[in-house]
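Every chain is named by a letter (A, B, C and D) in the order it is written, and numbering of its residues begins at 1.
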């Protein structure tokens, strides 16, 4: 309970966001929208981290640092992913994930 | 360092020589020189061995060399020979020597071809001289693997299919063998002490009977696959049909002998109780194989298939004799391996040469070749007569030793099996004479064949070397038989100890 | 005791000739090969006569006045078990020395004859090389010291016969005939081999001296009832006889012999008249002491011999190919020899049949070889094998005619020619055993005279055929052997066989029993008379008789359809119903199982690989579902 | 309802609604905009929890950096007015089941789990100096090593992105 807001609420919000992200990742065909879904997933995790940090271990900062690192990793990931997406687009002139099955079998 | 190390070093040096040679001719000549040296050292080994024995050296194993190789599993590079392995080495050297000449006309990638061929040969040599189960297995695999490349790259017909089939079946056999070998390894010191792969040391131990009964089928079937045991023989016809000449020669002549030798040296020698326990089953399979291979050959039309089925029949006779568990029959089995090795190599060499000229292997499309290529035709007749067990050629000696030995078995079942197996000599005569009649005699069917050339000098080298082998053994077998007999003592004693009740 | 070890040369010389001519024959002029071969055999012939003289008249007899077996030479060839080993050597006893004479004489004559007969043929030196190989094998067979050596040379004889029958290898019929001969005898040899295995299993030895000694292990061991009420030893003897029957063309293994006439005629004379085909008789004679102890086996020999003799005689009356007539005649005569062995007892007078058999073998060799060589001369002149193409040849070929007539008289058993004496002894021995079989053999004797003179008249008398070019007498190299053999046919019967070649080596006295001799000669004369009436002039009597007998004569002409039965068994049953299914089974069931395993693996992996669709989202779905299921599992279901 | 609760409710509602819109909108630029809202609302959450520094990072890096990056890439790869085709039902159903099931499972677990209930009302903000010191400290609760590692990762990502996106000569 943080100033009237229970931990559970944060967690539920994070969970919903997470699974919405999962859903998006599973159904969206456009690579960029899939990337956005991943961002959702990462953010939901971040919320959990900071909520746990603040409410369960108020004296510590691990959760926050994790979040910082996750954001950094997310930034790196996003940059590389977008580079790849643009590269794919250059070659195939579309970024539909269903059409990318070159590496099957 | 013992003389045996030469059999590993010479192929390696030859391969290095091949890699450094500049053109096709050099590759061939380097191979010829290397394998001639190998043949000379094999003959020298035979003489040295006989001299040692004559001098009264009665050690079980001669020319021993033992280096620790991998300590934590107690693996040694442990080599040595007895009469049996000396004989097998002689066979291998002869067949490889002839094989080099028989593949003189290889055009594609000769460097790689000869390298693989010699690699294969060195695997076989290594297998025969090893006394450590692990190195034995290592060399076994070394001999089997190049076969895939040799058939897959230089083969003919459905070569990828055949190469794949052959390799997969043999690898399946290898898996069984590995299981069996590991089983022996973990039972190698029943009375405590370090585990060992040392064949001689294990043979002095007594592996628990339950373990023997469990392991024997693995080893026997594993080696039996390579020895073309019914019903695991089907890689052989396809593999031989697709393989290039020298590979067929080496494969049928030598590699299939690894199977028989392994059955004898590992399965029966180390697991005598297991052998007695399972003997009847495999004996039935072997008897079926003898007759079945012979009948299978009658109907075939492709020369290589005929010969492959005949090999099935002859190799089944080897297993048959080993399973008789007495000295004479096993002696016959070893002689049959040698005899069949040379004979079938000769067959395949001739088939390759005939195919190289007529470009067909279907006997119905040929005829009257005796007129066109008398040398090859006469050689084929000789090979055929040797195959059907004519006295004066090695096949007779081996078969008769087997039949006489087997018939001394006190058990009626074994004697009946012997009679059934003996009846294969008639069937063999049928298909051999059929081929000779259709292929060589009669009138020339295809006019294009009338101008075909007879054997060239390198063909003659190969053929004459092999014919000399079968005639020498066939007309003066005593030294060979005695040499092999000298090596059989330990195994026969073990078998006797294993089942005193049913041995004569 | 004289050292007989030089006899090994009799074997070695033909072997050396074979190797030399076989390897280098193409480099010589053809005639050189011929001369080398003939000279080799000539030396062998001289040595054999010398040996025979030494053995029979100088030092063959043992202490009790019986001929003993002399081990002239022996060498270890192969060790089998601690008791069994194969030796190569020379064993001299009356029958082997007698055979040496027969073989070297006939072989020498045939060599000489072939120089003329085969002149200009392609493969002249190949012919002589193979002849030498045959001579070597046959000599090795007769002097074998043990049954395994005999088997070895037995096989070699078979293969040289194969090579010689198939000499004209571009002729399909010759190829087929050689194949047939080899396979049929090979089948018989399987019986021989099994017999040897059983014999050696029971007695622990291959050695003839041990096997035939009075204290032979063969007489004591293996006597218990083993199978179908017969003892092991009896069975082994029956199996061994099967081998002999195959080589000697006894019914029902005779089918190869008539076809074997596809070979050059000298070959027929050598192999299929005088030497190889009597190997079976020789084999039984060799093991006679053991056969004697196994009455059933000996009865088998007797009945098979008797039946073969009458069967072949009937068939011979209907054939038109002169060589086939002679082939059936050979079969018939050998049947008589077998019969004689079958009725014989052992030792002294009891062994009359044995002696008679050997005697007939000896005389038969001369006149049958003569007949074949004469037939060869005729064929050489007429370029045909068939009687219808011949007739009136007596004017063109006087020497051939005279020698042929002598041979016909000899085989018909007309005194005082050689055939009379030996046949008389056979009939006498048969008379002692069974009246019925005696009459059968008497009939055979009459039939023999009939078909021989049918042949004779058809060739030399009968119609005056017009030839394309007038037939002329053969050259000297061919007529000389004819004349020498004619001398043999005339006088071989005077050899005192009973005092030389007997079952136990003890000489005994024989005398001509008129009760047997008169019917025998009468039978011969009747046969000759009928033949004269029917065939001397061209008439249609034979045809009428042939037609009257209807089905029987047709069956006889077709050799009682035995060939067809064999063809049915081999072609239909073995090829179509055994080999073909085996091949099919192998390709489809055994290999199918292997391929099936591969197919199943392949198919399974094909199914599994579909999961690897390349669709990232599918992977993610599977991953998420899996993770969630695991979570469910760990949190709620595994909560104990 | 306290202010905090109200603020939380607003942020949570924004997050949930706009994240759903993000993954369902068929106009990709709109989706990106919705994502921006979600990220901003997340930043709001951080503020709520008194992580001001973190919230600042969230706003600058995520909302400012990544979303702009995404929008640029959208502009590079799609037409503005283009409507994405709707995902097939075949994909939606399993994905929906999986996501729904997962959410249900997680929420159930969260609700059932007995979290400590004591109220924390420390409204103190974390001092940026503390953060800075912790980031370069090698003591316990110091993050020097991860900090360096992450910087190398960022460098690698930068290099990688440049190499990947560079126009090839071939």
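Keep this in mind: a residue touches a chain if its C-beta (ideal position, glycine included) is under 8 Å from a C-beta of that chain, and two chains touch if they have at least 3 such contacts.
Every value quoted in this text rests on a predicted model; they were computed, and no experiment measured them.
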Is the number of contacting C-beta pairs greater for A-D or for C-D? A-D
Expressed in whole Å, how far the mean CA point of subunit A lies from that of subunit D is 6
Determine the centre-to-centre distance between subunit A and subunit B, using the mean Cα coordinates as centres, and give it in whole Å. 65
With chain centres taken as the means of their Cα atoms, state the distance from subunit C to subunit D in Å. 103
In whole angstrom, the CA-centroid distance of subunit B from subunit D equals 71
Using the touch definition from the top, which residues of subunit C touch two or more other chains? 617, 621, 624
Any chance you could list the residues of subunit D touching two or more other chains? 91, 94-95, 98-99, 102
Multi-partner residues in subunit A (2 or more other chains touched) are 22, 26-27
Pairwise, which chains touch? A-C, A-D, B-C, C-D
Spell out the part of subunit C that touches subunit D in their complex, as residue ranges. 617, 621, 624-625, 628, 631-632, 635
Sort out for me which residues of subunit A touch subunit D in the complex. 1-13, 15-24, 26-30, 32-33, 35-37, 39-40, 43, 46-47, 50-51, 54-56, 58, 60-62, 64-65, 67-69, 71-80, 82-87, 89, 95
Going by the contact rule at the top, pick out the subunit D residues touching subunit C in the complex. 91, 94-95, 98-99, 101-102, 105, 109
Quick one: which bits of subunit C touch subunit B in the complex? Just the residue numbers, please. 76-81, 84, 86, 148, 151-153, 155-156, 159, 162, 166, 169-170, 172, 175-176, 179, 182-183, 186-187, 189-190, 193-194, 197-198, 200-201, 574-575, 578-580, 582-583, 586, 590-591, 593-595, 598
Within their complex, state which residues of subunit D touch subunit A. 2, 4-5, 8, 11-12, 15-16, 19-20, 22-24, 28, 31-32, 35, 38-39, 42, 45-46, 48-51, 53-54, 57-58, 61-62, 65-66, 69-70, 72-74, 76-78, 84-85, 87, 91-92, 94-96, 98-100, 102-103, 106-107, 110-111, 115-123, 126, 130-131, 134-135, 141, 143, 146, 150, 153-154, 156-158, 160-162, 164-165
